[in-house]
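Input: structures, listed below.
The two complexes that follow have subunit A in common; it is paired with subunit B in the first and with subunit C in the second.
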Partner chain A sequence: MQWLRSPRLWVAALALVAMVLLPLWVSEYVLGVLTIAYYFGVFAMSWDLLFGYAGEVNFGPTFLIGIGAYVSGMLNIYTSVPMVLCIAAGAVAAVIAGVLLALPALRLRGAYFGLVTLVSVLILQTVIVLFASYTGGEIGFSVPSILSIDSGVNYYYALAFMVVSGMVLLAVARSPMGLILQATGQDPLGAQALGFNVTKHKLAAFCLSALFSGLAGALTIFYLGSVSVNTVVDLAVTVQIIIAAVLGGRRTIVGGALGAIFLIVAAEYLRPIGELSNLVVAAFALIVLLFIPDGFLGLFPRREARS
Partner chain B sequence: MTLLLQVLVDGFVIGALYGLGAAGFTIIFGVSGVLNLAHGGVMVVAAMVAWMVAGGILHASLLTGVVCGVAAGMVTAYATYYLVVRPAQRSRRIPDEEREIFILTATLLLGIVIQEGIAYLFTSNPVTVPPLVSGVVHVFGVRTPTNELLIGVISWVVLGLLWLFVNRTRQGKAVLAASINPHGLAMLGFELPQIHRLVWGLYGLLGGVAGVLLATFEGASSGLVGGLTASAFIIVVLGGLGSVPGSLVAAYVIGFMETVTAYLISPAIRTLPGMVLLLLILYVRPQGLLGRR
Partner chain C sequence: MSLLKVTGLGKRFGGLIAVRDLSFSLDPGEILGLIGPNGSGKSTTMGLVMGVIPPDTGSVRLGGTDMTGWAPHRVAKHGVSLMFQHSRPLRRHSVLENIELALLPDSLWNFVPHPRVARRAREIAERVGLEEFVERWPETLPYAHLRRLELAKAIARDPQVLLIDEPFAGLTMAEMREFSALISSLRDERRAVLLVDHNVKGVRALVDRVLAMHVGSKIAEGTPDQVMSDPTVRSVYLGGSLDGGPETADRGAVAGPPLLQVESLRVHYDRAQALDGVDLEVREGELVSVVGLNGAGKTTLFNAVSGFVAHEGFIRWRGESLDGATPGAVARAGIVQCPESRELFGDMTVAENLEMGGYHLSREDYARQHATVLALFPILAERQRQTARTLSGGEQQMLAIGRALMTRPRLLILDEPSMGLAPLVMEHISTAIEALRAEGVTVLLGEQNVSFALRHSDRVYLLEQGRIAWQGAPGAFAEATGERYL
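On to the complex of A and B.
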């Protein structure tokens, strides 16, 4: 019963109860904002698995998210496949995209890999614009199906999805696999010399990250009712994901969700200053990155002793 | 035939401009191991200041504008170094093995800050610095604005000066040595911090000149920051990180590919062939065309 005494567990449980009970008090508008924030939280948590644990500079999370979103969206609009299957197909497509992204990652290090991911997003964006007659180009298209028209139901979908994804990602990150990922991120040769199958673990991490990114991307468009480059592919979205994960604290998984909620809620409060809000958020994230590199969660003492 | 010549002339100018922009980027990497993802920001700040001084707001002479623009590029480069890169390099809270990805992420964020700052101050509409010279000349029968040709020439003159500086002056040789073996250089009594200062100044100068020239040619706007960074990054990796000649070759490869695509297919996808080529090359030859590892 040792784990019952962990203060972190109690904080997490209290936060969860608060999030479940929230629809009793707040307006539908606030629920809508939080729904987006929860999906965004999954983007950031998936990214953290690669950045924080595997040490991969992935500038292309929106490659995975975008593929998931567009494949499910286009299936929905051009075929009569039920929505659930569309979402599943989007997730499968994202995993395939994750494998494609992982292949260069097995050979390239650091900045080279970062560039490949960056370019993959730019190529996806160009292809979408190029085939504008099918994809709707920059503007995108509306999807016929929708998760729910009730904001409370949507809120619970998003919350459940974020909690389940977070728990799976956290379980993986805390498992021996998370440790091996960290080891390969920091010293790939050393990890290999210790007999770990670096290729297999990296591939698994990419597939897992892609699975949740793609699912979150598909769910987001069926919540919004539309898909466009600006919401799921643009590099600005990538930057937001990076900011969220960094603010919350890298290598924590939970930090990604925390950062995403903070970011989306902050954007609402910063609405009066208009265009300046992006600048303020980016500058704030930069300061956090340089002065508290461990993010918000880094302000609390860690359970594991760190050297 | 005319089309081919048109592509050759345009490709020459665009390649030179890309080469100039990427040369500083690759030197910074060679000497201090930093990939500055705020690179586009340096170029666009220089362009914006040149426009502000010479064209839009102060109505000063064109020369003053160009000088102020290049100076602004250098200020931005130094700001990047002292406010973002140095603190990240020296921070004790950042573990060593993660320093590289921290610097990449931090400069990326700085690029966003610059982009949004420019968009706020000057709106995101593109501005054009007046051409350095007016009129057109005929090159092999192709009507070309004199300014475009002059841009190509200036770029090559600056690149030639860079070559002379690196190969013929004591300080320049120290920069070259620092990119090969910084520890050896330190043991010979050179001050590495001084060399880093010099290199970042040089970088700001090259990026500033490239930014101002770009603004007289195609115009500049806050929206270009990301694209310029990406193209410099692509060129430098294609040519081999840290190799200036490699970057120049790659700049021309990309410059011609973009021009051909823009003329023959559509300007909308001009960057696509270059990106596909990059992916192919990285699969086959991860160290780039002329890179060393």
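On to the complex of A and C.
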């Protein structure tokens, strides 16, 4: 049972226990902040699967999140479909939209994939504003259903969702499929010469990323009770997700959650200093990017080479 | 029936014909050496067979199946493996995991590691002599072992045909022998091997047949001995006879004070030693050439002088050290390199490329220099508005030299100007070099085409595996080094 001796595992277990017990000590307000942070963590972890493993910079995570959020929200408001099915439909819609976007985009090389995903966010945002009578435009709308009115229950929903998502993504990343993904990301030609259909594997990663992004987007709005461009579509959200994933550590999955919690909690702590807080967080992120480009998890020694 | 059959293969990149009407076949258990100087189309041929580059004409068939136009992963699955010259293993995975990668099926349902994969990976590691290194990170492996890792990955696909790109570059003699034995063992398994290398010398003992290429075309095919004694091959590699010719009269009188002095220069890339204690001097007004086979270290030497690669030892320019000077500073000091890869701005026109070279000149100087360059290469005047990408190989070389001259260099470094050029085009370059020499421009010329270099030089250095093996007057080259060059 060699894995029992892994210090990382013990740290992770301790952190998990602490997160589970946290509602015993802290206020509802703090729980609310952490709930958002956990959903945000899933955004960032899904993004890392693409950036860290498949080697694609997706500038449009909020395209996937936004589709998940708006499709589930609008189903909820215009139909009598139960909330759980609304959430599932949002996730499926995100995957479908993701495939429609990625199929043509993955044929492009280098920065062009990123540019296409960037444009996708702008298009989604414009469509939402154009069809304001249905979508609520820039203001958004309230959804009739809600996950729970109890902040403790909401906290556990978010925590469970983050842990399960993280475990699934991590399992994929550590599996042979993750190995193939890294090969396609780091050396596409080499991967093809080994017989791997690079586009197929990248598309699969994109679908998986879309699935969790869409799910997280849908869950977020049923936690908040409302959906708006500012919370799930705006490019500022994309930037936050990317900073969170890179802060936490590229190619780690868990780093995304870590970075997201850090960003959201830091912003909350710094709220008293007003607009200045954004500057402080951004400056900190810049320092991390410049001096520890491998992120928080990069500070820990990696698995030692055995000789 | 032959296993791999390539018929009438052709590929053009803009105005440059990379491969022209190439046909060859490969039997099971046969090792075919594909040789040719840089720019002869070897790598393009490999890319065409593997499906990395789609061919313009011709076909590639494997065991009766037409694979022309297939994507590389399909070609790979059909039984062709490619061993890359540069290893790019996954850095955060062990050697064993890197081999396991090659054993995985191209399926999306690879979630659980299969014990058979791990077992097979170990067997392959053992086969290539990496069994003691399976748990190590690739970056901690000695250089020669990284090659073995690449070979292990290629073998793991259980291919019918292996394409191996320059397996011996950067290896020591002992490592070369060991690696040769490994490649040779593939023959016993009835696999077919296409081995790409610069010259016959390195692959002679290993291959059954050799196909020599030059400027995209096949120039000879046969046993290594046949190809080595083929007059066309000899003229391509040596450029004709080794006598310096009438122009090698003593020009010692023109040499001025030393411009460039290189002392005990050492350069290594990772663990491969590229230059090992090189001494060299260029005096004002001289044309000094450095000859040597591809891979001997010529380009590395020039890149060290130009400040592109880190080095040990001394480089002095007009008596002052160039240590720590950036490439920009070196160029401003007057050392300008016209690189082997030409590095033209492909989407810019001929006129714009020349402008980039002379942007720092005053208007009068620019006009004068521009006129000089166009007088040297009249064809460039006709092509002013054409983008560099669409020029032929020879025109691109002229433009590259022209652009370097626009900077008004005090020392012009020409790296393989004859590379990939047909004989007639090479004559144009020859004439231009002689014209430069007559004007007293100091030139440091790198060439693998010895007779081309001998014809123009005042002094010659022979570089072999990172060391200066001989130096002297061009007239003495043939006698001193003789036939051992090829």
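Just so we're on the same page, the second predicted complex is superposed on the first by the 302 of 307 C-alpha atoms of A that agree within 3 Å, B and C clash if a C-alpha of one lies under 4 Å from a C-alpha of the other, contacts with A are read in each partner's own complex, and residues count from 1 in each chain.
Here, a contact is a pair of C-beta atoms (placed from the backbone, for glycine too) under 8 Å apart; a residue touches a chain by one contact, two chains touch by 3 or more.
Given the structure is predicted, the values throughout are model-derived calculations rather than measurements.
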Clash or fit, subunit B versus subunit C on superposed subunit A: clash
Subunit B versus subunit C as contact partner of A:293, first or second or both or neither: first
Partner chain(s) touched by A:187 [first = subunit B, second = subunit C, both, neither]: both
Touched partner set for A:195, first subunit B, second subunit C, both or neither: second
Partner touching more residues of subunit A, whether subunit B or subunit C: B
Which superposed partner A:71 touches (first subunit B, second subunit C, both, neither): neither
Touched partner set for A:130, first subunit B, second subunit C, both or neither: first
First (subunit B), second (subunit C), both or neither touched by A:122: first
Subunit B versus subunit C as contact partner of A:279, first or second or both or neither: first
First, second, both or neither for A:55, with subunit B first and subunit C second: first
Contacts of A:108 with subunit B and subunit C, given as first, second, both or neither: first
Clash with subunit C, by subunit B stretch, listed 45-53, 171-179, 207-215 or 279-287: 171-179
Common interface residues of subunit A - those touching subunit B in one complex and subunit C in the other: 186-187
Subunit A residues within the subunit B interface of the complex: 51, 55, 57, 59, 104, 107-108, 110-112, 114-116, 118-120, 122-123, 126, 129-130, 185-187, 235, 239, 242-243, 246, 275-276, 278-279, 282-283, 285-286, 289-294
Parts of subunit C lying in touch with subunit A, wherever the complex brings them together: 50, 52, 71-73, 76-77, 81-82, 84, 88, 90, 92-94, 97, 100-102, 104, 106, 108-114, 117, 135-137, 140, 153, 157
Residue ranges of subunit A touching subunit C (in the complex, touch as defined): 171-172, 175-177, 179-180, 182-183, 186-187, 189-198, 200-201, 204, 251, 302, 305-307
Residue ranges of subunit B touching subunit A (in the complex, touch as defined): 35, 84, 87-88, 91, 93-94, 97-98, 100-102, 104-106, 108-110, 112-113, 116-117, 119-120, 226, 230, 233-234, 237, 241, 268-269, 271-272, 275-276, 278-279, 282-283, 286
